[in-house]
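Order of writing sets the labels: A, B, C and D. Residues in every chain begin at 1.
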Amino acid sequence: MDYVYGPGRNHLFVPGPVNIPEPVIRAMNRNNEDYRSPAIPAMTKTLLEDVKMIFKTTTGTPFMIPTTGTGAWESALTNTLSPGDRIVSFLIGQFSLLWIDQQQRLNFNVDVVESEWGQGANLEILAEKLASDYTHTIKAICIVHNETATGVTNNLATVRKLLDHYRHPALLLVDGVSSICALDFRMDEWGVDVALTGSQKALSLPTGIGLVCASPKALEASKSAKSVRVFFDWNDYLKFYKLGTFWPYTPSVQLLYGLRAALDLIFEEGLDNVITRHSRLGKATRLAVEAWGLKNCTQKEEWYSDTVTAVLVPPYIDSTEIVRRAWKRYNLSLGLGLNKVAGKVFRIGHLGNLNELQLLGCLAGVEMILKDVGYPVKLGSGVAAACAYLQNTIPMIPSRI
Amino acid sequence: MDYVYGPGRNHLFVPGPVNIPEPVIRAMNRNNEDYRSPAIPAMTKTLLEDVKMIFKTTTGTPFMIPTTGTGAWESALTNTLSPGDRIVSFLIGQFSLLWIDQQQRLNFNVDVVESEWGQGANLEILAEKLASDYTHTIKAICIVHNETATGVTNNLATVRKLLDHYRHPALLLVDGVSSICALDFRMDEWGVDVALTGSQKALSLPTGIGLVCASPKALEASKSAKSVRVFFDWNDYLKFYKLGTFWPYTPSVQLLYGLRAALDLIFEEGLDNVITRHSRLGKATRLAVEAWGLKNCTQKEEWYSDTVTAVLVPPYIDSTEIVRRAWKRYNLSLGLGLNKVAGKVFRIGHLGNLNELQLLGCLAGVEMILKDVGYPVKLGSGVAAACAYLQNTIPMIPSRI
Amino acid sequence: MDYVYGPGRNHLFVPGPVNIPEPVIRAMNRNNEDYRSPAIPAMTKTLLEDVKMIFKTTTGTPFMIPTTGTGAWESALTNTLSPGDRIVSFLIGQFSLLWIDQQQRLNFNVDVVESEWGQGANLEILAEKLASDYTHTIKAICIVHNETATGVTNNLATVRKLLDHYRHPALLLVDGVSSICALDFRMDEWGVDVALTGSQKALSLPTGIGLVCASPKALEASKSAKSVRVFFDWNDYLKFYKLGTFWPYTPSVQLLYGLRAALDLIFEEGLDNVITRHSRLGKATRLAVEAWGLKNCTQKEEWYSDTVTAVLVPPYIDSTEIVRRAWKRYNLSLGLGLNKVAGKVFRIGHLGNLNELQLLGCLAGVEMILKDVGYPVKLGSGVAAACAYLQNTIPMIPSRI
Amino acid sequence: MDYVYGPGRNHLFVPGPVNIPEPVIRAMNRNNEDYRSPAIPAMTKTLLEDVKMIFKTTTGTPFMIPTTGTGAWESALTNTLSPGDRIVSFLIGQFSLLWIDQQQRLNFNVDVVESEWGQGANLEILAEKLASDYTHTIKAICIVHNETATGVTNNLATVRKLLDHYRHPALLLVDGVSSICALDFRMDEWGVDVALTGSQKALSLPTGIGLVCASPKALEASKSAKSVRVFFDWNDYLKFYKLGTFWPYTPSVQLLYGLRAALDLIFEEGLDNVITRHSRLGKATRLAVEAWGLKNCTQKEEWYSDTVTAVLVPPYIDSTEIVRRAWKRYNLSLGLGLNKVAGKVFRIGHLGNLNELQLLGCLAGVEMILKDVGYPVKLGSGVAAACAYLQNTIPMIPSRI
């Protein structure tokens, strides 16, 4: 209960909600509007078209639901599945755990594939399950693209390959909350059936829009899915899409204008450049962690996440104290270790509208905090390692005029 | 598809979303924040306390769900009822219709009591149903306090009296979307079990918070309610209330700061003064309608709504054209006639952070539009009638310092 | 000392500062920036080009000085004149009075031509003075285009005709504070040598930019003008114009972005449409005043101002009380009577980013206030008269897309 | 002409305009207001009282003039001096040079005491001049507290001691543009007669208010000062101070609300804590420069500035290229070398609402840029040196609740 105000800007390095760009804050700085006027549908139409680009889909149908990531999960599941359906779901950290909890409470028959926290989804077990599922009892594979709690990125291309290899018709549902718009994500190419994210993540908006994108196969599945749903029902949206008014209930016009501005910025930078920037920031962070002599919670390089790095601290340090001091002394917001890794890791989010010098300020702060809590870090070492890499890779900012 | 920009301010007179006060727009003009820091729970705690005041409850438990009114409905129903439960629901306009549609899709056994659009809930039929329900098969009464489509306010005190009279234990679920914070609403006194509203209505915020308040009896009911729910589950909130972190998933910090500012303004004006102001604006509007020689869609004075007036137009006029011209020529946003009253009524919303001169500008505009579409209105007549009443009733604005 | 907060929007009808359009408020909602980066000069260049259009000049040189209208006056005078220079200046109200006071304190030899307040500049006397000034002792004519205190618009075309008729080389300096961007003003056509306005008037920005535009003849005069000046010296600007960095000292980047947005809105509406809109609002206001049975402070139609109407009240009423009540009871800001007309007039400003319904709300408010203070107005009469005119003249808002 | 947009926040490290705190941006995000209503004078009164605290005066009279620092200079000079008056003025860098230029153009008899750029004011020469000025021909000493071009802070206490020692009645006029609210400044204790600053410096507002504070002796001098002035005349303000309406011409209400918020933040942090923070940031910057093996333009420790550090680059490097790359590659705004030190120094501003991690991000950026331009810096070295110092000195942020 220590509500504080410190001088200067807060350094926001939780893995979401992330920093909102000034042009987006400006775009949302407005009065309400009648969403039934011709203006809002006209804008909505452009948004729906452009949102497809961040999912890298041309065939998908996007829904911009006034909800959070948790609601987007529920929308993905209830529109495509029926109670009792068998689904394979990977438990690799707190957010996959929460999704599985939701799946179970929605009465699906969840076949949980658990990995140690810090590892990726066990795709060998998936292969086995698919191989032996002659009768196609598995209706869906549910996988978190990037587990925000441990900084683990799963290999979706491989999941698709396995499904194809076994000619398995299961739907592929992907939580892209901390990946889409930041990591390489290809809905069409990877045959993802439902992908979803939240506005407060790499899109760099406030919380409030759950973006869900459905493949034609997912839309088809929704026709027979028996899970009870109203607020999250795609069908209500589809009805209003046809009418050209787009909204079954009141959207936040502020968020729509914000989304318009956010997409404009992303397309101006170039989505692929955005992804490259995240890869650069991720690598720089990992080099710093290595220089500090600390371990990444992520156990193998193949799973390294470019949007969040979970850093393991030595047993004699409580990572919660790191996060507390970061906030109380340095106006720096870091991510806590959650559940199984509580006290053991702290997390640096490096996603969204962020640049290198912001990250370097954060890394310098972390060094001082490590020293504060008794870890024998060499001050400047992480920053030096990050700079050495960044100095060779940061591109010039292109001219606008 | 006529996205327009006209000089001067838009005159927003749809019955929600409504005008946001400048101090609230300012309060929301901010970057994201870590909602797990001590600051957000500290603020959330004050919000939960103060939100109870707008519901006029001391015993209720409020939930501020990142959703719309539709989601708030779903939260109210799924947390208190089980599939197959018999509920009595009143169909008196488009919004009660939509709620009933939701109730049916959520698999409740909905006993629909229909009235002509423009009339209030038929409480005589309710009395009959309660009188004959010896075995208490009715689990809940669902009623819209103020039907936004027709401008009809139902008498909740009478509903409570009937329930008490027949000693009927049914839950009383109230949609207060276009009433709470604007009309006289007394959760505790009227024994309302679940009341709900949306942030974009009388609270004068953007869309994005569904405010739901549950009585102790409703909380008790939630323990055995078997409707499937995850995102809307009160229990997840209650768990985090106990922990003192308050949020099961990411809230919009912008909306929380906005709600803080909105409540501060309401309490500064005084909630009862806010309600009196709405009553003044409602009456002024009705006097104008009468002066124009037009009929109120609301058939009896006892149902007159102080937040929205639905105006019937003569058969030779299409009310949709009135709304279209209002927007295209006068930068005035009026409410359309919906469903059964499409083309027959247009609606003037007079709720939220609004004052008399704003309303008078709108009324003058409506007069010109009526003339535009061929109705023989006497220009100035409605404004004169409204002014004659207002001039005697508007209070002085109290000093702040 | 009664700092108040009332519900709803403040109705701002002082003749400046005026309402800022939402897109302009948004554009200014930003952090500081390095004004020496390439970005600010790039934008400044477009501003200087576009500002010329609102002065209707192609040959003038504009200066955007971080100051108020008073500073803009000083800039106009000190850059073109030397102490002791004879200038003819018209005293017709409080603002021309203040300018004359400045002229005298700057040590010019001011030949004051006074008119009764409510009348325009006496151009017959000007003619006489010009006719008899064989030796061209008159170095400049200083005239307020629109006297904000009395709502009087002077005829600049006639001034030019007289100068031309007598082949008099005097400079023509025009205070366009409450005219430019609202009234018909033609710098080149009328041979105006220095024209000036302030950002908080018809441009609808906050106070802070004094816009001054100099003809080639004025620039030439500045080379020999001996008035002491540094902050207001055009030459410092011209030096930096040549360098392409544009700013001799730090500008407000917020105001520059605001000006960019304001000009964009004006050009989108069309400058001539903006002027027509002001003419419509001015006429509507005068019709209302007439319907109330009150007199315009402006004594002849030829001087009627389309940006401000000064309304004479009967002797038994104190106009200050009208302004006080407007603010305290109706959240309406009207202009006071100043100096000679204090207590005798109140002023309705109708300039800047304003539309008809906003004005009608104000007029309805004035009617109620008149009643409050004991004037036997017929409620609705002014609004009716204004509506009757407006209903036939307001154009449709053009589509943007 | 390379107007660019890069991802993430701009890192604003010019020595003004500086970063505006979010609460201040919010406070200014508003429509215009009638500045003649009771609200604005009520607020102005608190501002005038509180502004005295940042000058550390109880006897001074502050003026908040709608102008820039250049205008504030002019106000200080013209209100206290007459043409021909002898003044002693110290030339130590670009801003003292510009002030001297202004003094000369205002027709004072300027006795310029020049130092090498990088040195402070030569107070020995001042002593000599005072010692020999038996007839008190010197009317004023004009001194820049902190020369922003070279990062040199002059010792005002010594200036006062000399004046006292020689019992010299000369006025002491101080440019505190880059010092007040950031460096230790004591108007009353040091017998400063006029002190001034600009809103866009340590106060962390947009450009637009020149704050000038006059001692009783300066006010007395203004009664006989013969310099021509109108816009900058203190007397016009004093007249309106007496009336209690405070404003001789239109202020920017946005800036007034911003100033209110800025002062509130400064007082919440504590002015002395603000000054300590600047001292911390200044020292950290100098430690980094030293670690890079570069020289401070400031030649002696006694003159080190805690608000700006001018860094000398080796002769084979063009400092302009450093500033260009900072902006084009790192979204970092550094200060150019001006005039005599153009190409030779770049400047890091560390004033205003800024914290340590922001500075460290900047320092890391500078290291990479130095490498970019061929300087053999050891990456991380400056950050390490700064962190080593900061880690021991940053205080905890105090709780608000």
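Note that in this section a residue touches a chain if its C-beta (ideal position, glycine included) is under 8 Å from a C-beta of that chain, and two chains touch if they have at least 3 such contacts.
Chain-to-protein mapping (UniProt): A, B, C, D = alanine--glyoxylate transaminase.
Everything numeric in this text was worked out from a predicted model, so none of it was measured.
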| subunit D and subunit A - chains in contact with each | B, C
| task | State the superposition rotation angle between the two copies subunit A and subunit B, fitting on C-alpha atoms only and giving a multiple of 5 degrees from 0 to 180. | result | 180
| said: Roughly how far is subunit A from subunit B, centre to centre by C-alpha average, rounded to an integer in Å? | reply: 34
| request: Compute the distance, rounded to whole Å, between the mean C-alpha positions of subunit B and subunit C. | output: 44
| query | With chain centres defined as C-alpha means, what is the inter-centre distance between subunit A and subunit C in Å? | reply | 53
| task | At least two other chains touched by the same residue of subunit A: list those residues. | result | 1-4, 19, 22, 25, 29-31, 42, 401
| query | Once bound in the complex, which stretches of subunit D touch subunit C? | reply | 1-4, 10, 12, 14, 16-20, 25, 28-39, 41-43, 66-71, 74, 83, 101-102, 105-107, 198, 200, 206-208, 227-233, 248-255, 327, 333, 336
| Which subunit D residues qualify as touching subunit A in the complex? | 1-9, 11, 19, 21-22, 29, 265, 268-269, 274, 277, 328-332, 353-362, 364-365, 367-368, 371-372, 378-381, 383-388, 390-391, 394-401
| Taking the complex as given, what residues does subunit C use to touch subunit A? | 22, 25-27, 29-31, 42, 401
